[in-house]
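What follows is a set of structures to go through.
You will see two complexes here that share subunit A, one where it goes with subunit B and one where it goes with subunit C.
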Partner chain A sequence: MRLRTSSKVIIYCILLVHLVLTGYPFIWMLISSFKTNKEYFADPWGLPSAWRFENYAEAWREGIGQYLFNSLYITAFSVIGLLAAAVLIGFYLVVRPFRGSKLLLAMFFLGMMIPVHSTLVPLFTISHNLGIYDTFWALFFPYIGFQLPLATFLVYNYFGEIPREIEEAAVVDGCSIYQTFFRIYLPLAKPILATVTILSFFNIMNDFIFPLIMISKESLRTITIGLMMFKGSFSANYSLISAALVLATSPILILYTLLQKYIQKGMVAGSVKG
Partner chain B sequence: MIESTRRRIASGIIFMGPALIIFAVIIIIPILMSAYYSLFEWNGISDKLFAKLDNYKRLLEDPIVWKALRNSIYLTLGAFFIQLPIGMLIAVLLSYKIKGANLLKTIYFTPVMLSTAVLGIMWAQIYDPNFGLLNSLLTHLGLEQWTHAWLGEPKTALGSVIAVVGWQYIGFYIVIYFTALQSVPDEVLESARMEGAGEWRVFFNIQLPLIWPTISFTILNCVINSLKYFDLIYIMTGGGPNHSSEVIASYMMTNAFRLMDYGYGSTISTFLLVFGLALAFVVNQLLRIGNRKFQ
Partner chain C sequence: MSKLKKWLVSAIALAMVVTAGCSSSSNNSASNASSGTSNAGSGGSASGAPVELTLWSSEMRSRDIIEKSIEEFNSSHEDIKIKAEFFEDEALKLKMKVAISGNEIPDLITYWSGETFDQLVANNMLADLTDMLNETPELKDNVLPGGLETFEYDGKYYGIPVLFSGVSLWYNKKIFAENGLTPPSTFDELLAVVDQLNEKKITPIAVAGKDRWPVLHWFSYLAQRIGGTEPFEKAKNNEADFTQESFVQAGELLKSLAVGHKGFVNGFLGLDYAAAESLFMNEQAAMYLQGEWAMEAFLEDPEFAANVGFVAFPAVEGGVGTTDIFHGGFGVGMAVSAATNKEAAFEALKFLVSPEQRVEIYEGPNISPMIKTGINESNMHPLAYEYSSFVSSNLGGYFGYYDQSLDAARSDKLMNAVGAIVGDANSNVVEELGKVK
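Let's turn to the complex of A and B:
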């Protein structure tokens, strides 16, 4: 349909205002990161007198590089663990439903509504009792646990749409349940595994609460907690903090530029299907 | 299908075991433990002292709990009224076959992917009373009397955080609503317009009812998620000043992990859980009524 010019102008104006509100803070952060602190204090809106990279070098040296690596490392392994756990149980609940499997799914569904914070004190004591406090595992298991309900749900729904005749034919041909899983279902699961990967990657990478509670040594700090500590130690050096923020954001932004369509689809998959 | 019982059990354990064990240890058992701890006076080090329902009595009499509850509700309402209507407005505008719609949508979505740590620190700099963008902007516009120590004053702290929470997730709802709106066939809209329906009527009488299932899910999603905004508050205000931006989760964290009062912390946790589930249930019921109206 054709729009009148006046309505078009209004539409573009609204979209532009929202664009500035969303985008300008990031541009400002980027510009600030090249300034000296003096320039930052003199005029928060101004441009730097020269484009300096010292802030980046210093932020990287002060640990941001290490924190980023830690985050990517823990996220990668947690996502792999999550995919394995979710695809196994999702498959089984589809091909071998049993009495109580619906109840199990309902429990998983309820699990999605549980606020993380209501489990933290016991998780803290459990991690101490198991001797995994302040280790990789104190993040690994909680991450899998809290991403599992949604991941299982997505996999279950996806496998549920595969015609059961395929599985029955496999059984007639003498496939065991393991062969059915590895030869038929797992290869078909790639799209849904990609979705779960994207969704959980961002949730885990951006998590703040578990490293806050479970990790105290610096060598395991993730980027979220690392940034907080960084801000604490350099609280008056705003341009340096801006550089740290840009560094922390850049891997995600690069990933987003490359895969934006998939990422948008993946991030909202949990809600649209629901 | 022929499969011996033993093999059946073995395959069940192999396929379901990892997920069930992790789910139980990470979610189910902690919830039960939390309810158990809430009956004790306990600082994590000395022996637990059975306190019956004393902690719950304390909870009901604690003015900060009520303040935190009120703030949580403000936060929920704030998130709701910023994210969903603006998200819908932008999605509808984008779906008028706007040039560059895809690029705009991509940029609008950016904050959704970033961590609250990054956004919280960034916005704290924007709100900075002396060198922040916001006060500087107000001063340039000659509105000096409007400048505030945004995160440092009890009157403005919560509102400032709510604005960021709202801001971060607008893009999420834009993408959801935009996708849903694409599924409404153009012919339907065109024929309504041919018959003289204005844009408002097209929206409220055709698009809105057709994408209602999506909307009802986003409402539920928005309300449940708003109970989880602890990070941003922790990063930006720490619940202060003087508890003015305290929410239930942040108050629980303070009690359990700063004051080492595990018993009372667990009581607040349990309260948060019950409150969260009750809220989800109520919203779900309300949406069911709404769904019936539209179908």
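Let's turn to the complex of A and C:
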């Protein structure tokens, strides 16, 4: 279908407005990050008098590098754990339904409705009692727990769409349940795993409340907490904060650009049961 | 069925054994550790592991200095190790809330006086420091009058103040000199200065209206200068409301300053703290009402700081309040958890609050809550020294921040009422203040 030039122009105009609305704040942040704090307030819209790359060096020295690394590795391991759990649960519930498996599934879905904040105090107490407070594990388990309902839901529906005949054929050919999983279902699950990865990666990476409550020590603070520490009680060096923000958003931006096509697909995949 | 039951019972039994084992073992280690402290002098105590104390501190900006003291403490005390963690204000408040509900507060805290501190004491989560203070008169007697009382509950002390804060009127000496003005000592003089500045198209006063509390400072200072501290005490205890004469008068004066004389910068209700501060620091506004913490930014620009002067908040003609009463108080104190190894924690506390360890903090943009501060003029910017000595030599008393003394609901309403008074020319002062209930 070919669009007429006039309607094309209108569409491009709308997109252009949208681009300005969403893109300009980022550009503004980028420009502000090169200013001095005084310039930031004196001339918020103009270009800096001198491009201060020192802001970036200073932001990095203040610990952005460490925070970013913490965020990335906590997120990466949590996502790996989440994928392993979700794919196994989804597979078993689809392939070997047992009495009460529907109930179990329903309980997973109920988990989606629990607000995170209502669980903070119990989780804090549990992590203290288990002795994992202020360690990597105090974030790892809650993250998997809270992302699991959605992930299970997606994987379960996705596996449900795969014709049962494939599994039957595998059994006839002599596959054990492990072989069925590793040779048939897991390779087929790649698209849905990509979706789960993207969704949960951004959720975990952007999370603020768990690292705040479960972590105290400097060496485990994530980027969301680290950015907050840039703002002092009564003073805030906004140009330095802007530089830190640019550094903090860039990995997400890069990831988003690379995975763009999966994100679009992922939004609809698994959401409709065929 | 019976098989399942058996499993369940044994599982529960196992769980109980495990938890009981855990708690008893932790008790053991704590008592071992405390005996370790007392035996430290004789050497070779039974348990070699040092007591670990965690400190949550709100003093982000003095972080480097405190970390240095802690390092010194840790290297001179083999049996105690302090681990300090510093948090931004809002982050710490949230963490503390969860920690209180979870009953797991850190061994040492540096926290604000006020509602959360009350809650900590009410829940018996803090250690009583009275005996320790009585044993160390050199610490107890060195605190400025009123300091320990801030953290006193039912005759027992639960905290030791580490900072004093006081609000004053800062002004730009250069702007004042260029226009032949003298800093105001009464409210009428202030209005005259404002009018003269406005005539010359200079913004008289920068104020962060968006944050609301800076405007409240103006209101509470005026109310104190007019009627003293008593009306607020009454209002706080619900014996009277905010329509008392002195509050209404303060509201009217504030309104005439903000609306009638256009004393505040244009659009001040939309300015946040940093924006208001930068107006003053970019020499676009002549005056600025703020606490000693504002000096932090001033001192970063020594050239500008040399141009900064200050006066006590002006008196109001016919008012009872005198200018030696500062708005502020002993806002931050250190406390010890009730559940920790007290002997070790007291030792650490005494070390960390001592003037020798904190002197560098007080030589910066902070005011010591101690009588003998040990600050050395030669290490300080003249502005910081002047202000420190100004406060300690003039301090006749202080009155607390209204927004922190009141409960959250009324504090919010009061800030809204004050905002309406200065923001809306047609607002009725009595009506707005009457809404604070």
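The rule is short, and it goes like this: the second predicted complex is superposed on the first by the 239 of 274 C-alpha atoms of A that agree within 3 Å, B and C clash if a C-alpha of one lies under 4 Å from a C-alpha of the other, contacts with A are read in each partner's own complex, and residues count from 1 in each chain.
We take it that a contact is a pair of C-beta atoms (placed from the backbone, for glycine too) under 8 Å apart; a residue touches a chain by one contact, two chains touch by 3 or more.
Only a predicted model underlies this, so the values are computations on that prediction, with no experimental measurement involved.
Q: Should subunit B and subunit C be called a clash or a fit once both complexes are overlaid on subunit A?
A: Because the two structures are overlaid on the shared chain, the partners are seen to clash.
Q: Figure out whether A:238 sits in contact with subunit B (first) or subunit C (second), or with both, or with neither.
A: Touch status of A:238: both partners.
Q: Applying the touch criterion given at the start, work out whether A:49 contacts subunit B, subunit C, both or neither, answering first, second, both or neither.
A: neither
Q: Quick check for you: in the superposed arrangement, does A:29 touch first (subunit B), second (subunit C), both or neither?
A: Only subunit B is touched by A:29; subunit C is not.
Q: Which partner chains sit in contact with A:250 here, subunit B, subunit C, both or neither? Use first/second/both/neither.
A: After superposition on chain A, A:250 lies in contact with neither partner.
Q: Going by the contact rule set out at the top, does A:125 touch subunit B (first), subunit C (second), both, or neither?
A: In the superposed model, A:125 contacts both subunit B and subunit C.
Q: Quick check on the superposed pair: does A:179 touch subunit B, subunit C, both, or neither? Answer first, second, both or neither.
A: Once the two structures are laid over each other on A, A:179 reaches no partner at all.
Q: Kindly classify A:21 by the partners it touches after superposition: subunit B alone (first), subunit C alone (second), both, or neither?
A: A:21 contacts subunit B only, not subunit C.
Q: Could you tell me if A:213 is touching subunit B, subunit C, both of them or neither one (first, second, both, neither)?
A: It touches subunit B and subunit C both.
Q: Can A:205 be said to touch subunit B (first), subunit C (second), both, or neither?
A: Only subunit B; A:205 stays clear of subunit C.
Q: Going by the contact rule stated at the top, is it subunit B or subunit C that touches a larger number of residues on subunit A?
A: Touching more residues of subunit A than the other partner does is B.
Q: Just one of 95-103, 167-175 or 257-265 in subunit B runs into subunit C once the structures are overlaid; which is it?
A: With chain A aligned, subunit B clashes with subunit C through residues 257-265.
Q: What is the shared patch of subunit A, the residues that subunit B and subunit C both contact?
A: Touching subunit B and subunit C on subunit A: residues 40-41, 120-121, 124-125, 212-213, 225, 228, 231, 238.
Q: Write out the stretch or stretches of subunit B touching subunit A in their complex.
A: 1, 3, 8, 11-12, 14-16, 18-20, 22-23, 25-31, 33-34, 37, 44, 86, 89-90, 93-94, 96, 98, 104-118, 121-123, 125-126, 128, 131-133, 136, 167, 170-172, 175-176, 179-180, 189-190, 193, 214, 217-218, 220-221, 224, 227-228, 230-231, 234-235, 249, 252-253, 256-257, 262, 265-266, 269-270, 272-273, 276-277, 280
Q: Applying the document's contact rule, which stretches of subunit A touch subunit C when the two form their complex?
A: Residues 37-38, 40-42, 120-121, 124-125, 128-129, 133, 212-213, 216-218, 225, 228-229, 231-236, 238.
Q: So in the complex, which bits of subunit C are touching subunit A?
A: 19, 22, 54, 56, 58, 60-61, 83, 85-91, 94-95, 98-99, 101-104, 106, 273-275, 277-279, 281-282, 293-294, 296-297
Q: Can you list the subunit A residues touching subunit B in their complex?
A: Touching subunit B: residues 1, 3, 11-12, 14-15, 18-19, 21-23, 25-26, 28-29, 32, 40-41, 44-45, 84-86, 88-89, 91-93, 96, 98, 107-108, 110-111, 113-126, 141-142, 144-146, 148-149, 152, 171, 177-178, 181, 202, 205-209, 212-213, 223-225, 227-228, 231, 238, 241-242, 245, 248-249, 252-253, 256, 260, 263-264, 267-268, 271-272, 274 of subunit A.
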